[in-house]
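Next come two complexes built around subunit A: one with subunit B, the other with subunit C.
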Partner chain A sequence: MPAFLIFSVFYIYPFFYTLFLSFFKGDAISYLEFVGFNNFKEILLYDKAWWRSMYNAGFITFWALTFQNILAFLLALGVDKAVRTQKFYRVVFFLLPILSEIIIGLLMRIFLLSDPGVLNHLLERLHLDFLKRDWLAPQSALLSCALVHCWKGFGWAFVIILAGLQSIPEELYEAARVDGANAFQSFLKITLPLMIPVFTLVVILTILGTMQAFAMILALTRGTGGLTEVPVMRIYNHLRTGQTCYACSEGVVLGLILVIVAFGMLKFSKFARQKYGL
Partner chain B sequence: MIKRVIIIVFLFLFGCSAPKKEISSKKIIIWHWMTDRQGAFEELANKYKDLTGIEVEFKLFFPPDIYSQKVIAAARAGTLPDIFGVLGEKKMFASFIKAGYILNLAPFIKDWQERFIQQTLQVNTFKKGNIYGVEPGIYGIPIDSMNIQFLYNKRLFKKAGLNPNRPPKDFKEFIKYAKILKEKLRVNGFVCGWGEVWLIYCLVTEFAINIMGKDKFFDTLRGKVPYTDPEWIKVFSLFKEMRDAQILAPNIVTMINKEAEESFALGKAGFSFNGSWCINVYKKLNPDLEYGVFPLPAVSDKKGVKIWGGAGSSFVVNANSKNKTEAIKFLKWLTEPEQQKFLMEKTLNLPAVKIPLEEVSPILKEFLDDTGNLTHPNVWPLQEDSRVVEVINRGVQQIIMGLKTPEQVALEVQKAKERVLLTKRSQ
Partner chain C sequence: MVYKVKKLVLLIIVHTFLMSVALSCIFPLLWMVNVSFKNNYEFKKDYGLQLPKRFDFKNYVRVFKEAKIGVYFLNSVFYTFVTVLSIVFISSLAAYGFSRLEFKGKNLIFYMFLAAMMIPLPAGFVPVYILLTKLKLVNRIGYILAMTNMGLSLSIYLLKTFFDQLPRDLEDAAKIDGCSKLGIWWNVALPLVKPALGVVVIFNSLNVWNEFVLASLMFTDENLMPLQVGLMEIYNKNVIDYTLIMSGLTLACIPIILIYLRTQKYIIKGITAGALVG
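Moving on, here comes the complex of A and B:
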């Protein structure tokens, strides 16, 4: 009962209130006008900036799904075998995700800006001058956001994947060795299939987390004239300018998209597990 | 089991009930967001307590975004303090008034409203027939004033062989001087926090009023003049001109105002565009900075120049407070010339009331010189829809980044305007 009450007050009520407001126009302080599905129509059919922000978030998510998670998987594979230093690595890699997004954004801004140009200076010292550029310029700002996001976020995936790797019974590998399987075959036939549920979880969490990323990007680029604007940044800006109901509608649309993606991933995972007979 | 549930429900309901209202008979609670003024406010509160026996507590919430959210949440929960400020557009201010959270002060300030610089009170005034549907009245008390102007670094001027006492007289000269500074001293010509888009809109509207005049500008807001009009394209082209002259600081569109302030204060840029609050900021960042102030570098000499300004920060009285009378008395005292002078000297903000100019520091005086040419969206008869403003700001950022032409931006803004007009008509 207390759990239900807490859940109702902090989750169910805000959810339904947001949904309720999304059918209105106004600031929800003194002005509300029922507009039906107009806000949704506006977002889905006419708001090009919304879809641009979805593209930006999708781009960052793509990098997080590939670069970030592959890096996390490779590191987890390495650390899984390093029995003595495992705890140390776990702490080190998990430090970044627990740091404030705003702090990371501001620090990385100083690091990436052409003035003072910390990164460019480093590249120069390493004789990698061809890589020097304005990292927050329109052409590279979105990629910079994606890379910083991956750098900050790979610790989460690392910890989850490492836990998954450690839950695979050692006996399976021993049996495979007895049967003459080499390391690559063991990896392909044991590790990968048994990690499918873990990968599904990591993929879902990555998509949900990245599509909702906002604070770090705000501190890093302020949206770069729409080039690095992400959906939650738009919602935040609309809330600030008194377009509360429109912001609620954007929140509902984003939520629905994420729910659909998450369910799609779960279905895919179920299908993959059935295929491997897990 | 039932007993347990009742206890839990009881605890839940009373544990989560509205926080104890911060109202007592002899204590006035004030919420604000002004970090630079907290110390001075506390000193004034102590002085007021010594004079009247009434305790005044200034509670600081920062950053301003968080403060705004707190005020909105408190309004909904009915826990607003006796005195607070509303940040944001006048539309938001009007919403608070219409919801019954803010007291109309007009009947209470008749005998002391003359002390204010006229423009500072206008921002808090709703006239008869206003577009917001608010009952006519004065709903806020300005505690300081501000205006936004161009600044130039006098030392850099001297170094580049320019006359430090002669700022540019028009836009062409501004570009010319900025180029000279960049070429001779290798500093940025111009810096501004254009990652905070309101500063872009501020400059866009100032240029627009200068080029086309107020009437045509307001006709655009009414939908009678399209944004594709040649004069609007001229306004957007000015940003392209600045880009083409290569005078803008790199990453200017991602820069927050604090970064721009630092850049200018440390002599990394020759010109800046900033509000009068910068005096305090620059003093802290670089006490030796020598700079001057000049109004918008005019593009046209036919329509005159208007600059954004008026009330800096204002306080309102909670209409549901039990301490309304005490709150009004305190605001009356706070805006007396003596207290205003104290605030001005301590925080280096422009006063909201008339103070003899000989008592004002030279740099503050430079800002005060242009109070006759002030304008502000909050005193306009109508405001542009925020969806259109968003497209203008983003468009200008894209011109600066070289991604769009002024013509393309004008077309996009006009499309957004037509969409807004269509939606309004259909509703």
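Moving on, here comes the complex of A and C:
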């Protein structure tokens, strides 16, 4: 089976090569100059646009964590009870995550653009005039990105949470009912504690996924001159314009931040579980 | 009696909530199809909210003639087909090897694959792109190799867990009948893991079909572009021709939705499996 060896080389070599390149300057093909830690210094201390893009991604992640995941949890709770129509809802909710980011991005761009103004027209008809705005204009473009991202992503969180809910054995609920617990009590004492591992998973995957989201935003707003630019978009643009090494350094910085956040979350959830004896 | 009424009210509330969210998923897609049958004048007048008076396929004809969507479409089919075929071949062999053969460093290599799956490598496309440029593989072959590589680790992991569960007696019987190791793999083991192979095929097909970043970096020649890049291209060339773009988007959605409706069970299984590993 020499197949693995070839392909593990395909994995491992690029990984270390990125690390290596991140200490250089140039496009890695015709020009290369060693600059030590300068790239990292530049990114972390002086590159305002980079931090702006991190802020944007963080903003979208915040919405995804709260709005998208709470919505997904509520939906999963509802669907878990609605036995007969469960399949229908699962199929419908998961439709958006499987469509490509480009399709969703372009579709929503035309839906939101103020020139035909389809969404604004709809809001007017529903007598929700106060919600009307120029969705893709600089001041609200970031919010639109976050909302479209949540809209596309909630089905994915929903499927995982639903799978978690259904893995809770029915006997536990029956035992609780026999002991005289009402629905709310058994939700609080059985469902929530047993779902904590699933929540941790969904939170970590949401953070990792959303911080790296990119194609949808490119299609939806193409960065709005930096106002909705996300880190991966910067990396992509630097790679296109020949600043390959700088792109590598940015990739390393983002990767390190994400690894730290993910491990932090894991540690925190372990700590919390031990403390409360769950 | 009171209990029953209470339950009914609760049920109605839950279903209203679920239905309204489901509607928000489906409505934009229906709107997209609807707009694709209109011309731009009609679209501006009724925001694409009224059903077209007659089904006008002019946009579809134009998107084929002027925007080359046929070429993009066939490219995508080609990339997806070849990539998935090679992923299935390599990953099933490798997974079988991990499951059945004993060799030095087996666990180490397997954990390397797992790590490759779990470590978030944001902008993993950067090193891959540089590598392909250096190898002078910025073409179809390079793209297929890179995409194959991306799908491997999850596929190997999935198949290995399935191979591990197969009873060894069957294989021993085949061995006694004089079957070679590869013969057992092909004749005995593979047919038994068909469900897992289904997950691998569908999951990877969607991934390749929806991939955008690497393809957009690699292909500047229109005749090589896959669908996702092609859609951006169509958009950039016909920015205000909304109905034309909508027909392109509709065409890009149709195959995915059809495949999804037929195989949603496998897809959801793949997503949950992928998530639970990480």
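FYI, the second predicted complex is superposed on the first by the 269 of 278 C-alpha atoms of A that agree within 3 Å, B and C clash if a C-alpha of one lies under 4 Å from a C-alpha of the other, contacts with A are read in each partner's own complex, and residues count from 1 in each chain.
FYI, a residue touches a chain if its C-beta (ideal position, glycine included) is under 8 Å from a C-beta of that chain, and two chains touch if they have at least 3 such contacts.
Bear in mind the structure is a predicted one, so any value in this text is a computation, not a measurement.
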Exercise for review: Look at where subunit B and subunit C land on subunit A after superposing the complexes, then choose clash or fit.
Suggested key: clash
**Study point:** Touching partner for A:L99 - first (subunit B), second (subunit C), both, neither
**Key:** second
Check your understanding: Which partner, once the models are overlaid, touches more of subunit A's residues, subunit C or subunit B?
Key -> C
Exercise for review: Go through the superposed model and pick first if A:R240 touches only subunit B, second if only subunit C, both, or neither.
Suggested key: both
Review point. Looking at the overlay, does A:D80 come into contact with subunit B only (first), subunit C only (second), both, or neither?
Key: neither
Check your understanding: Where does A:T221 make contact in the superposed view: on subunit B (first), on subunit C (second), on both, or on neither?
Key -> first
Study note, to complete from the structure: Clashing with subunit C: of 37-45, 73-81, 343-351 or 397-405, the subunit B stretch 73-81
Practice item. Report, in rising order, the residues of subunit A that make contact with subunit B in one complex and with subunit C in the other. Key: 1, 29, 115, 240
Review point. Can you list the residues on subunit C that touch subunit A in the complex?
Key: 11, 14-15, 17-18, 21-22, 24-26, 28-29, 31-32, 43-44, 47-49, 90, 93-94, 97, 101, 109, 112-113, 116, 119-131, 133-134, 145, 149, 152-153, 206, 209-210, 212-213, 217, 228, 231-232, 235, 240, 242, 245-246, 249, 252-253, 256-257, 260-261, 264, 267-268, 271-272, 275-276, 278
**Study point:** Of subunit A, residues touching subunit C in the complex
**Key:** 1, 3-4, 7-8, 10-15, 17-18, 21, 28-29, 71, 74-75, 78-79, 81-82, 85, 89-103, 106-108, 110-111, 115-118, 121-122, 151, 155-156, 159-160, 163, 201, 204-205, 208, 211-212, 214-215, 218-219, 231-232, 235-236, 239-240, 244, 247-248, 250-251, 254-255, 258-259, 262
Review point. Which of the residues in subunit B end up touching subunit A in this complex?
Key: 5, 8-9, 12, 16, 65, 68, 72, 75-76, 88-89, 91-92, 94-99, 195-196, 250-251, 253-256, 268, 386-387, 390-391, 394, 397-398, 400-403, 419, 423, 427
Revision key, fill the gap. Contacts from subunit A onto subunit B in the complex sit at residues 1-2, 5-6, 9, 25, 27, 29-31, 33, 35, 38, 42, 46, 49, 109, 113-115, 134, 136-138, 141, 220-227, 237, 240-243
